[in-house]
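To keep things simple, chains are lettered A, B, C, D, E, F, G, H, I and J as they appear, and every chain counts its residues starting from 1.
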Amino acid sequence: MLFQVEMIVKLPPDMPAEQAADIKAKEKVYAQELQRQGKWRHLWRVAGSYANVSIFDVTDNAELQDLISSLPLFPYMDIQVKPLCRHPSSIHENDA
Amino acid sequence: MLFQVEMIVKLPPDMPAEQAADIKAKEKVYAQELQRQGKWRHLWRVAGSYANVSIFDVTDNAELQDLISSLPLFPYMDIQVKPLCRHPSSIHENDA
Amino acid sequence: MLFQVEMIVKLPPDMPAEQAADIKAKEKVYAQELQRQGKWRHLWRVAGSYANVSIFDVTDNAELQDLISSLPLFPYMDIQVKPLCRHPSSIHENDA
Amino acid sequence: MLFQVEMIVKLPPDMPAEQAADIKAKEKVYAQELQRQGKWRHLWRVAGSYANVSIFDVTDNAELQDLISSLPLFPYMDIQVKPLCRHPSSIHENDA
Amino acid sequence: MLFQVEMIVKLPPDMPAEQAADIKAKEKVYAQELQRQGKWRHLWRVAGSYANVSIFDVTDNAELQDLISSLPLFPYMDIQVKPLCRHPSSIHENDA
Amino acid sequence: MLFQVEMIVKLPPDMPAEQAADIKAKEKVYAQELQRQGKWRHLWRVAGSYANVSIFDVTDNAELQDLISSLPLFPYMDIQVKPLCRHPSSIHENDA
Amino acid sequence: MLFQVEMIVKLPPDMPAEQAADIKAKEKVYAQELQRQGKWRHLWRVAGSYANVSIFDVTDNAELQDLISSLPLFPYMDIQVKPLCRHPSSIHENDA
Amino acid sequence: MLFQVEMIVKLPPDMPAEQAADIKAKEKVYAQELQRQGKWRHLWRVAGSYANVSIFDVTDNAELQDLISSLPLFPYMDIQVKPLCRHPSSIHENDA
Amino acid sequence: MLFQVEMIVKLPPDMPAEQAADIKAKEKVYAQELQRQGKWRHLWRVAGSYANVSIFDVTDNAELQDLISSLPLFPYMDIQVKPLCRHPSSIHENDA
Amino acid sequence: MLFQVEMIVKLPPDMPAEQAADIKAKEKVYAQELQRQGKWRHLWRVAGSYANVSIFDVTDNAELQDLISSLPLFPYMDIQVKPLCRHPSSIHENDA
């Protein structure tokens, strides 16, 4: 089951550089692990911003909540979720 | 080059049913043709709405404008565009 | 799987009274049938408005889309969807 | 008398971890006590967020204010309230 | 139990003048009857607008819905409702 | 001359508890004094929030500014003002 | 007593040209009469728009409502009102 | 003197096709004439929309108002104006 | 050439009182000097707020930027600018 | 390929003056270097603000992201991006 997730990162300007680097490194490891598992199906940077557009593929709403609330950057992001399903005009069988 | 495009369809409530059906049929043909060409890479319905989330893969901004402004439903949609690029944490080579 | 759905009804002021009455009657039949099936778990009127707050219980996003887009009032409503899941502080086993 | 209440938690990023944990623990005890009393009828997590959707069942507006302003997380939440009543299409006698 | 209700009137520009006059006359009769009953406690014009700020005194949310949805101008108004209760600094015993 | 005033209190989360208590105590004294003078005609809590809805009765705009800008909580509030006047359907002589 | 009033004109696109011309002519006569009386102290066009910024000088809120609601274009405008008073740094005695 | 002007075209869906074509043809002639005069310095399409971003070079605010309010599409556009001036980091002498 | 300028002052709540008083004193001197020069033509307080509405009379956009960016309170204000010009219904020759 | 980019600078009020001056100096060097390369085609100050309107000329979305995310002020700006293309009414060959 697919969800579009938009994340805008807003780190506090006074966060020490090492702490920020540490959180970002953990975020990268976590994001790549979820991509390898197929849970985080797509991950794009929105050009000109510190934000991403993502497609998650999860079993249900509860798993979506588990995955997103475990993001190392979770406390520092504005996040918007849209449930997706197959579009009647889509020609891709697996886009749902 | 990828763009996220969100389209919300707002048909006038007094449009005759045949006219609406005709426009939607043309939209479907057009959308499937663009998908087959690889220009309209993803097309999802936003669940609970008359809206979609799409990923376009175009040569440049001009082609994006050409494709979107030729949509049969173009005069009846609110459309939002976000330029995308490869995310540094993405593991997908072709996601850009 | 639960979703909160908020619906605000906006009938065109020039819709003939009979047509409006007909659509509303069909909406009521449909809404009560979905409630009996357990798909539409809760349905409340927002006091002082022509709007409702609802909780849907569906198998997945696709079923949510099917049920909502089949509402007789669907073309005349602003609809907002929020995916829900069990809250860690909830004491209700079936609230998810 | 029912109210829908949406709460978005916004803890200051520089709040010490122990203080945050302490407030959350108190919030959980309080939320579960109100649920057992039947005052906090439903409590759902909004998937992909640090937010909840709740249904309160109170005697009047004053009791709603008492319960919500006593939440340990009250100073750190954006809260929206909607008064609810029975929907004419509802088949549930106690949903009001 | 008190509620603040703000109503902004938006008559369609093409409504015939007689029809508009008729609805407004009925609205006035209804509003004055509710004021005499003490249900519509205060009614003020917002200066420079076709809008009002009102205070309703009702038994519960259901009565609020009954009174507001029966307004002759109801289909033509944007309405916002806020539940009120006694303020701890108020010196007026009956302001709640 | 009447004005509706809505005040939302937003104390900085790191304000020391004593300082907050001191400001609130001064606010209460001031609010009650203005109520006794008839300047602050109504004061209601918006249920489920740290906000109030008020009706001020002042000589002119300048007095409104004097009274509001002297509120001890003034630097910590979002404030919205609406000028009011007698509604043609009001039955209350003194509601203006 | 001064008020800033911003008016944005939104004539329905299907209003007959003569009717529009007639309303605008009446608006001009009315606006110039109020300016001569000193009630409409300033009237500026917002460059690049069909809107104006105005300063009204009235006895009280009721007079403001009378003057604005009598504008021939009143049913076709979005109007925003801000009460003004003397600024402590102003050097103009009559700017209040 | 430069101004950025953003224009979003919103033609009524029921405007006859010939009328729309006529207005657009006049708009094009007018826009190209102003470009030749150097008044309309830049004109870009916003990709994926029926909107443009423009830079006007005018003598003063009054001329800006004259040029924009004379646009054949003026009654059918949402228009936003921003006054521009030379940026201290600009290396272009004529960008002001 | 006239511009309407709205300024909302938002001093950080933790700014030391002396620093705030110093900035405000400098702002007053500067504002009065500009008024004497005729550059800052009108300055009003918005009643019930820490905000003002102003009319600037400047040679061009560049001078507007110079004057506003030199305000001692500039870093602590939300500022909105609207270019003004003579309204065709204005009877005041110098209101442009 | 052109993009309109709007940047609003929001430096934290408690940033030390030297640090702010240092970042701004680096920003200026960087902005002028990109202008000399032709990547940052236009750069204007929005009069009355700490903001700019810019036109970037880049190879693709990825280069836009590289250039913008490398701005020394990037962490302290609200940034909005619009993809541009040639307008059918433009007479400038190189405006695309």
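Throughout what follows, a residue touches a chain if its C-beta (ideal position, glycine included) is under 8 Å from a C-beta of that chain, and two chains touch if they have at least 3 such contacts.
Every value quoted in this text rests on a predicted model; they were computed, and no experiment measured them.
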Least hop count linking subunit D to subunit J through chains in contact: 2
Minimum number of chain-to-chain touching steps separating subunit D from subunit H: 3
Of H-J and B-C, pair with higher C-beta contact tally: H-J
Chain pair among B-C, H-J or C-E whose interface repeats that of A-B, sharing over half of the contact pairs by residue number: H-J
Intercentroid distance (Cα basis), subunit H paired with subunit G, Å: 27
Averaged-CA centre spacing for the pair subunit H and subunit F, given as whole angstrom: 45
Contacts with 2+ other chains: residues of subunit D: 2-3, 45, 47-48, 61-62, 64-65, 81, 83-86, 96
Chains that touch, pairwise: A-B, A-C, A-D, A-J, B-C, B-H, B-J, C-D, C-E, D-E, D-F, E-F, E-G, F-G, F-I, G-H, G-I, H-I, H-J, I-J
Complex interface listing, subunit C residues touching subunit B: 3, 5, 12, 15, 61-62, 64-65, 68-69, 74-76, 79, 81
Partner subunit J, residues of subunit B touching it in the complex: 1-3, 60-62, 64-65, 81, 83-86, 96
In the complex with subunit I, residue positions of subunit G that touch it: 2, 4, 27-28, 31-32, 35-36, 42-48, 52-53, 55, 82-92, 95-96
Complex interface listing, subunit F residues touching subunit D: 11, 13-14, 45, 47-50
